[in-house]
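A, B, C and D label the chains in the order they appear, each numbered from 1.
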Amino acid sequence: MTQYSFKDDYSEGCHPSILDLLAQTNLLQQNGYGEDEFSLQAKDFIHRQLNNPASKIHFVSGGTQANLIVISALLRPHESVIAAASAHISTNEAGAIEAQGHKVNTILSQDGKIKPGDILQVLAQHHHTPHVVKPKLVYISNATELGTHYTLSELKAIYEFCQAHDLYLFMDGARLGNALQVGDMSLADVAKYTDVFYLGGTKNGALLGEAIIINRLELQIDFDFFIKQKGAMLAKGRVLGIQFLALFQDGLYDQLAHHANQLAQKIKHAMSEKGINLLVQTETNQIFPILPNSLINSLKEQYDFHEWKEMDDEFTAIRLVTSWATPEYVVEEFIAFFNKKI
Amino acid sequence: MTQYSFKDDYSEGCHPSILDLLAQTNLLQQNGYGEDEFSLQAKDFIHRQLNNPASKIHFVSGGTQANLIVISALLRPHESVIAAASAHISTNEAGAIEAQGHKVNTILSQDGKIKPGDILQVLAQHHHTPHVVKPKLVYISNATELGTHYTLSELKAIYEFCQAHDLYLFMDGARLGNALQVGDMSLADVAKYTDVFYLGGTKNGALLGEAIIINRLELQIDFDFFIKQKGAMLAKGRVLGIQFLALFQDGLYDQLAHHANQLAQKIKHAMSEKGINLLVQTETNQIFPILPNSLINSLKEQYDFHEWKEMDDEFTAIRLVTSWATPEYVVEEFIAFFNKKI
Amino acid sequence: MTQYSFKDDYSEGCHPSILDLLAQTNLLQQNGYGEDEFSLQAKDFIHRQLNNPASKIHFVSGGTQANLIVISALLRPHESVIAAASAHISTNEAGAIEAQGHKVNTILSQDGKIKPGDILQVLAQHHHTPHVVKPKLVYISNATELGTHYTLSELKAIYEFCQAHDLYLFMDGARLGNALQVGDMSLADVAKYTDVFYLGGTKNGALLGEAIIINRLELQIDFDFFIKQKGAMLAKGRVLGIQFLALFQDGLYDQLAHHANQLAQKIKHAMSEKGINLLVQTETNQIFPILPNSLINSLKEQYDFHEWKEMDDEFTAIRLVTSWATPEYVVEEFIAFFNKKI
Amino acid sequence: MTQYSFKDDYSEGCHPSILDLLAQTNLLQQNGYGEDEFSLQAKDFIHRQLNNPASKIHFVSGGTQANLIVISALLRPHESVIAAASAHISTNEAGAIEAQGHKVNTILSQDGKIKPGDILQVLAQHHHTPHVVKPKLVYISNATELGTHYTLSELKAIYEFCQAHDLYLFMDGARLGNALQVGDMSLADVAKYTDVFYLGGTKNGALLGEAIIINRLELQIDFDFFIKQKGAMLAKGRVLGIQFLALFQDGLYDQLAHHANQLAQKIKHAMSEKGINLLVQTETNQIFPILPNSLINSLKEQYDFHEWKEMDDEFTAIRLVTSWATPEYVVEEFIAFFNKKI
């Protein structure tokens, strides 16, 4: 590849300290299926941030896998999930949730976030029981598909609404690291104001791996059967444990997310200086500038990225993603190139 | 752990050359979802051995995942799988196949293998259509759960039977490396006499990874949707590609399996010299000696292994598994210890 | 019940000639599971109108059952259905289609009908394979949930679009009798321009029963397994056969639908004369007048019906349904009562 | 058909008093979906026999439907059902239970009945969690597929075992009427010693219909969603209610089952007098005589029945089924014919 890619935050391998720890522990014999000592240590480190000793942690390989396992474990067959129309489970998982038997009730949203009032509207459309599905779980992403994040008070509002309406709250945290760096919310807050969430590793420096965290006791029952049954229980569970150990034993997870966010802000400011409009505000590591098509073509000479949304005949919103692996100098070169081409 | 473990072939990490290749390629940007160049190269190397340019290769993370994806992709909802009662899909996957909607029709077998006559009997019990399921796929494991393997003529007989009865043939190759080292069958033979099979990485030196190989054209259609929908498509597909590249670019896969098998033979011979009976003949990397319980307790002081089957009040069959990672000197020490305790 | 109910077209039992035929044949011994002679005769009579000897007919008990059986038989797990947002499968079947594993892609529609251009838009949103579902089947209702019907040229346009885009076309005909009476389309046209459809009995004079008709040969394979597996194969299949025999042996099906439609027109004209607006044009046996809430309350003294949609603080659209069982004099009384109260 | 059929107990329509009640109530307007007054009355009559006011009753159309609805409502995805290998759900429902995602763990049984010890053995094979399914529900049939029945003490033993092992107990009562006539068990006993059961109508005089009865409160939650979602909720639920009303308002259900059983005993005694062996003892309305093939051929001239099991080259066990509709004189003629041919 000759162009530098801003297409996503999983174009590189993993942070070198993960490879180091894999190498260092490689020939130690360990129990399989997540019963290795590294997985236990990693869970310990995560627990220190959760401030909820009752929370239960499980490692799986990827986000779609985490979503389908959690949702199939939480819902009975007639129950449905409420999510933003732009949610990953609605648009980007090849029908994984429906394949588990559940309908996704969608809410239109400009910024990828949903509010209690939106959820209430969905509930209001489901009074004609038993001819309709029974909405039972609210799914939110933080950061969202559009890079926005929830504030603590927004999260609390949703959680309290869910409690009041006998709904579970599940947070997809494929990019939770990025969200935590910019908001007023700690991991302990997430553990307090969700029933289940997951902490993404794949998009924040791991080769693969997401940590599912179940805060509500009754939802923890038999959860490991679901991991096994859906094909997500790695014989060498150490692979996931070691990675989360490297990420959480001394703050690497936070640093990597911070780095990605910072570079996104840098690009955003460069855009602002040139008066470029954004499709959505840049809050984490995704920037959605609306650019003239001619400029997009110029940028493509040296950079790779997604064309996200055609705005009109002349303008298109593109998506640029920074990551733990993006070098600062590359961002500077990109800005210089951009400024030259505009 | 103070005891040495013969419990399984996934107690260690991975062959060091895999870690090397991961490190070496780590910061190169690549496409996600298996579209990286390492996956393509790995598929090329595997293809050279398949001798079937039409075969299609897909990498996934583990065996249960491979089984449920293949079976759900091949069968319509009313169709069932025929397998040995000891088959992994029947006993060890937490109902993964049934969770995809399909019944497993089982065949009792002493050595884990099934024969055309067994399959015919199952078919004979399913004439009362449409009140019964429709058996449509035959699942065999090679090596089997009991470490036995199929000869080429046995495989051909099953394949021809399947062709004649409009059944698909799927081989679970979680330990196919081990089977290929001891039989008269090449990878090209497997590609010729199965519709689908997979080549196990996890139990032969990889951190994780199985290569699903689809030989029949009509079964290749839309297969990637299934990988995505079941949560098995890694964002960093390179993780799987790089491992299979390391295993297949210069014969490492064969060497590792050969090593494991050789050490198993060494243990088996030591047992034979002492007149120990085996539950099943040792053909690959698993040994099932039937030992007095007192001896088993002595062995446990220094070694870890599964007690497989209680034979009577005094004797139990244990399972010892060797692997690519088992050092020869450990086997020699074990034999010496065994000889001392017997 | 003291009020007369215009709530639906299934408030009464069945047309008396069905009861007569049930009684007349009651003690004749017959094969079970739809292999009785009455089912065969009924299929013969339906076939005479289909003009397609290759079409295959199956009887089941109800509409949701027909929908879930057809859709699960036609689709592979990664494939989805395209339907109007108001479609019965989308809103009124408790997630039956998702419970079979399939997503429903919805299209907003004012009158319950969809057009090739709508379908094209859905397809355009599903290019990012394999991360999205694969739309494979178009579901239309005729008459629709809003009582509108498709013209022959509209149906042909959809069918040709489906053919060109490798999509199946399935028509939900729970109220097909009503639609056929008002349009320019014959049953033979439906058999020609759909892949699968069903002819509703429950809402047109039967106690229960829908006739699924499969016109495309490849979709007929093993269909009876699906009927059995979903619990829809009645031991006494004669119950369905006898009813369709009574409905189709001498034109009763058409007469009953015609009767229901005529009475709906009568009510509609009475409304028009008073300047009442309709939510949707009355084409078949459903009338959706928009009435002041005070008038609605007056009508409720003597009549039962659904309040369909709140239009504003003062007006609500109600739904009145006529049926094969509605006596003409009741309609006349209703109109008189309405005219008095307005 | 010129031969008289002893093939099953659903060869005729329904008891005439059912047709009478259908006719008598035919044009009364009623609510749909089981909310009609006849369904309520029928439930009242059944409740009087249950002696458990908390039990909840739901009507559905057939046995496979009842089984798949109950099992999918009771189990989470990783849980399985324990049943006799001869159970209807294991052999005769086209994989309906697996299609809902659940494995059926089978127990070999000569007489179709299972015992606590059998269940314990299944549990013992499922300790290796979470790699195995979790058995959670015990399914028994009463009468069984072989016409045998459970005594009250046998039922209590199973129920107490289930209670002690945190298992649900579900009784398939497709032929419960027949079983109740010969055993020492009342309907109140069944309601006391099962969690869920159903009372079969189809095989005891109804056109179609089974009454599912849920005795355990927590299993009643949201059950109606399952009836709807699986396509089992009839728009004209009255069809089922009216039939159960006719069967239960003055003892008809018991009389019909008694009649069928009596005629079976008559045939059995005639066989015994001729020294004919039976495959299983005749307890209800099924007789399984083991006859020479030549005699079977002679009987076929005038009678239709199933050849159940080939015993050896010369002998075959056949199945004769009597029903509410079998006239006594036909049985007498059959015995005379049999005595002449033997």
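Keep this in mind: a contact is a pair of C-beta atoms (placed from the backbone, for glycine too) under 8 Å apart; a residue touches a chain by one contact, two chains touch by 3 or more.
What you see is a predicted model; the values in this text were computed from it and never measured.
Chains that touch both chain C and chain D are the following: A, B.
Chain centres were defined as the mean of their Cα atoms; on that basis the chain farthest from chain A turns out to be D.
Chain geometry summary: the mean Cα position of chain B and that of chain D are 43 Å apart.
Averaging C-alpha coordinates per chain places the centre of chain A 34 Å away from that of chain B. Our note on geometry: chain B versus chain C, Cα centroid distance of 51 Å, whole angstroms. Within chain C, contacts with two or more other chains are made by residues 77-78, 93-95, 99, 101, 130-131, 133, 225, 228-229, 233. Those residues of chain B whose C-beta lies close enough to touch chain D in the complex are 77-78, 80, 91-95, 98-104, 128, 130-133. Of all residues in chain C, those touching chain B in their complex are 72-73, 76-78, 101, 129-131, 133-134, 222, 224-229, 233. Residue ranges of chain C in contact with chain D, taken from their complex: 1, 4-5, 8, 10-14, 16, 19, 22-23, 25-32, 61-69, 93-96, 99, 202-203, 207-208, 225, 228-236, 238-239, 325.
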